[in-house]
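Common to both upcoming complexes is chain A, partnered first by chain B, then by chain C.
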Partner chain A sequence: MSKSRSELGQILHGVSRDPLGLMGLIIVGTILFCAIFAAWIVPYDPVGMNIKDRLQGPSAAHLLGTDQLGRDTFSRVIMGGQVALKVALPAVFGAMAIGLTLGMIAGYGPKWLDNLLMLFFDTIRSFPTVMFALAVVALIGPSLQTVVFVVMATSIPTYGRVARTQTLTLRNSEFILAERAMGASMKRILGVHMLPNIIGVLAVLAAMDIPTVIALEAGLSFLGLGVKPPTPSWGALLKDGYSLIRQTPWLVVGGGLPIILATLGFTFLGESLRDVVDPKLRKQR
Partner chain B sequence: MLIFTFRRFGLALLILIVAVTTMFLMIRAVPGDPVQIMLGPRATPELQARLTAELALDQPIWKQLAIFYGNLLQGDLGTDVFSGRSVTEIVFQQLPHTLWLILSSIIWSATLGIALGSYAAAHPNTVIDRITAAISVSFVAAPAFVVALLSLLIFAVNLQWFPAIGAGEGFWGRLNHLVLPAFAIGLSWVGYIARLVRASMLEVMGEPHIRTARAFGLSERRVVMIYALRIAILPVVTVIGVGMGFLLSSAVFAEIVFARPGLGKLVIDSITTRNYPIVMGSVLISTGLFVVSTALADLINAWLDPRARAAV
Partner chain C sequence: MSDTLLEIDRLSVDYETARGDLKALRDISFDIRKGEIVGIVGESGCGKSTLISSILRLTAPNTRFRKGEVRFKGQDLLQLPEHKMRDLRGADISIVFQDPMQTHNPVLSIGQQMLDIQHRSQAGKVEKRARAAQMLGAVGIPDPEARLEQFPHEFSGGMRQRIAIAMALMSEPDLLIADEPTTALDATLEVQIIERLQELQQELDCAILFISHHLGVIAELCDRVVVMYTGAVVESGDVREIFHDPKHPYTRRLIDCDPGHIKERARVLPTIPGEVPDLANLPGGCIFRDRCDQAVPRCASEVPPLSKLKEGHHAACWLNHEEVHQ
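On to the complex of A and B.
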């Protein structure tokens, strides 16, 4: 356990020495902090209305002004971060777990199963993401679970393909052959020997994938097909801001900037992680 | 090349068949009566009976699938619940708007990206190179619809340089209306393409065939522009082909933000009015478009670089 902790420490140390990585670390850290302690940070109830004070500009009382129902925009932005991560984290981890399993099976299992799984991956990838999302929303209705499902389904192939390639390369490496010669079970080979070699690459992919997921959730909520009101999501803020764009710019700014910041933070972090964890990947993209 | 073409399109066809079948089964797997869902609150017993017969829902599932494919091969994607017009006709009426938007976004971002990338590769570690790198990392992940909203706020509402809504009339009007949406969609691609071209250009310049071209005494300009760039833009072709789905997704949002006609607006409007045949028809057609464009990208790749023909 202490070994893996020092490894994690080394990775974090490497990331923080790179200026972009440090910036990413700070942004992501701030977002995580705000999301976790949102309930203590928000100055007002994010869904509490106050019609008298509606559509105000920024002031000391309301840092980012108020919306058409007099709700405090700053409080909604902070709470929106929590909603974004509630969608992004389970979706990304779920997709990673399923993609990893399927990819390892494809890479290690028989050829026909490999072909079948690859066809499955290619099929999912053949749907344009947003179109697929819209079709699913049209069929089963908008909700937080729908968004998580759509994101998971569409990003499984990415993880699956990478896990498969890694498994294929490792499969014929000497330490795996040695393990096989000693009569290790398939479960042991895959779980104990291959997994640790694959998971690093997938973690980097996951960090780079989170912005896409946050954007998709915000996009669907912007279209009114994601998280339901009055839940304060960044996309919902943008939706309100779009319809009131001629009255006040602050809703669009309040909803848009956090999304851009979050995507920037996770991208910086992901790029820097990639360089630290596996410099070889840099050339592949 | 011919064999490669056949194999690549064979794969595309297989993927398309699996995708369409999956979608067909997905619609059937949704709990509840599909006729009820399709007709929504408008369902009268007569309408229900008619649609049930039309969709052959009283038949076994494999027969339904056969009928569905039969109709599909004749270009029949069903009829609009409201107007009774054919879905194919409605979708293809909107499609050109979306395609023009995507095309203009690709053109400006690829031109700028390739220019910046080749310049950066020819002058590595100069100021322009560093700026390009910084911009590309910053913009690569910026979601198109947020960029669209912010540019709408700044350039259309505040500065009033460009129109905020619609597609415009006449050539210049259309062009003027294209600027902001195409900017929003293309922005994240500029840096991405520049980085891609820079990396592949640096790699290509070290290859033997470039050395041969130089040994023949060709001018450096000719070597770079004709022999190196030709190979170096290959990844751009692939990326655009594979990114077609991403571009389509961005276009959906740009159309909504700028209230432009197109596939995206059609789908969203149809979802709000629960007009399912149109939603499914649009998804099918855009999926087909995506699969074909990925295959085409591979073909262009193989045509430009014979080494790529060995794959697939």
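On to the complex of A and C.
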């Protein structure tokens, strides 16, 4: 396993040499750190109410002020980050794993299976995400798991199609023919030779997809379809802030800024990753 | 015939297309003995690639084996179940492809690929690595241990082809198929690769099926040569025989067209006039008839059989038959 660690080290080193990549790394690192250690960072209980101190501006006691129920906005932003990642990471990696598997099967398997899987992908893609979310929420009620499920289900086709296209291009490439001519089994061709060629592209896609998912979670929460009310989420913060914008602007700032930062950070990281994971580009840098 | 390794017996292969069946190979027969180097010459589209993919059974889905057998050590490869065929590939029969820039996985290091190709071996990782380094050394890659860490794009074309040869010979196969291995390389590298192949062939005593359209290379390397034209064997025999006393007009013209054989300076290089016939709609009689300057009436009516002229020399031309000259 020391080998893969050194490879990860190489990739991180490559990313940090690119100024945008370094910025992305710092932002993403900060968000991850805050999310993991949220319980120790928050100065107040993020759901604890204090009606006396409601709708305050920033102060030494409340860094980003308080909301209409007197809850500390800064604590809610930090906790909201944890919620955002709890939705984004499992949804994106789940979708990537399922999409990758189905896409490679579609690309390498027989034609009828390919047609069947493509029909499946196109069927899912034909649902607008938000409408699909509405239907699912109406069916099983709003919760963190519902959001994860909706996001995962709707992004499987994106990963599946990219993996399928890559597999189709690769299966006719000469080095795969060479592998077949040297007696490699289908399992070996897919697992050892195609996977490393596809995973880089998908990892970049996933890194760029995380901010979309965070924004989608915020959007669903904004519509009241995401996580349930007392749980802090960036989208819920925005929603509260939107209705209270005349009393205090700080809720909108507290909810909006992290969404923007997370989007930028993950996008920078994704773009930088794309350049680094391609060994052909690695040498030229 | 215990020393015969590969025997291709009256093999006919068609491609099913919308225009009808393309008769890619017709009645191909030749054999390769153990430790022998056999060359196949012919212009583009003569069925060389179809022949290779038929031997390895890596054909396109629209391929139909109409007739004949491909016997390797006595068993017909065309009848073998797929998993048995897979066991042969890369173990008993190996192949080196034409374009060294395309034959390696771009995202895996050479070491990873050379380890993976030993997947049948029970040896440990350290042993496999040592074997990989030893093979790289054998094909003349300096500092093989360190170079195992590098990726394909960090090697030159000639080095990549030598790595491909190292990978193909790693399992010490009985038969190595070399599909125009030097066509994509320049002339100096070509000589290096040919010399390296010759050395390794003697060391490992494997047979080589060498496909090329470079007559000079064939003459240099091979023991015997098979001349193909539009999916059929027109002449086969010992290299010396074929080059000094060609018995088929096509072979004669091919040798005349080889730049290495032209003695005088010429403004225009000689070519064979005419075009290759349509494989979906073959004319009757001899297929080379339309381009042949020595055609006789019989060429239009009957296909000349590949007949034995003397020990180790076969040709398919009516001109070699007594009755035509009477």
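Operating definition for what follows: the second predicted complex is superposed on the first by the 266 of 285 C-alpha atoms of A that agree within 3 Å, B and C clash if a C-alpha of one lies under 4 Å from a C-alpha of the other, contacts with A are read in each partner's own complex, and residues count from 1 in each chain.
Everything that follows uses one rule, which is that a residue touches a chain if its C-beta (ideal position, glycine included) is under 8 Å from a C-beta of that chain, and two chains touch if they have at least 3 such contacts.
Keep in mind that this is a model prediction, so the values were computed, not measured.
Colleague: Between chain B (first) and chain C (second), which does A:R188 come into contact with in this model arrangement: first, second, both, or neither?
Modeller: Once the two structures are laid over each other on A, A:R188 reaches chain C alone.
Colleague: Which of the two partners, first being chain B and second being chain C, lies in contact with A:A39: first, second, both, or neither?
Modeller: After superposition on chain A, A:A39 lies in contact with neither partner.
Colleague: Which holds for A:L8: it touches chain B only (first), chain C only (second), both, or neither?
Modeller: neither
Colleague: Would you sort A:I140 into first (chain B), second (chain C), both or neither based on which partner it touches?
Modeller: first
Colleague: Looking at A:M131 after the superposition, I want to know if it touches chain B, chain C, both of them or none. Which is it: first, second, both, neither?
Modeller: It touches chain B, and chain C stays clear.
Colleague: Once the shared chain is lined up, is A:L116 touching chain B (first), chain C (second), both, or neither of them?
Modeller: Touch partners of A:L116: none, neither chain B nor chain C.
Colleague: More residues of chain A are touched by which partner: chain B or chain C?
Modeller: Ranking chain B and chain C by residues of chain A touched puts B first.
Colleague: Examine A:S173 and indicate which partner it touches, taking first as chain B and second as chain C; both and neither are also allowed.
Modeller: So A:S173 only meets chain C here.
Colleague: Between chain B and chain C, which residues of chain A are contacted by each of them?
Modeller: 283
Colleague: Which bits of chain A are touching chain B when the two form their complex?
Modeller: 20, 119-120, 122-123, 125-132, 134-135, 137-140, 211-212, 215, 218-219, 222-223, 225, 238, 241-242, 245-246, 249, 252-253, 256, 259-260, 263-264, 266-268, 271, 283
Colleague: Contact residues on chain B for chain A in the complex?
Modeller: Listed in rising order, the residues of chain B that touch chain A are 11, 14-16, 18-19, 22-23, 26-27, 30, 37, 137-138, 140-143, 145-146, 149-150, 152-153, 157-158, 199, 244-246, 248-249, 252-253, 256-257, 267-268, 270-271, 274, 276, 279-280, 282-283, 286-287, 290-291, 294.
Colleague: Could you list, by residue number, the parts of chain A that touch chain C in their complex?
Modeller: These residues of chain A touch chain C: 173-175, 177-185, 188, 192-193, 196-197, 200, 279-280, 283.
Colleague: Using the touch definition from the top, list the residues of chain C that touch chain A in their complex.
Modeller: Against chain A, the touching part of chain C is residues 56, 58, 86-91, 94-95, 97, 99, 102-108, 116-117, 119-120, 151, 153-154, 164, 167-168.
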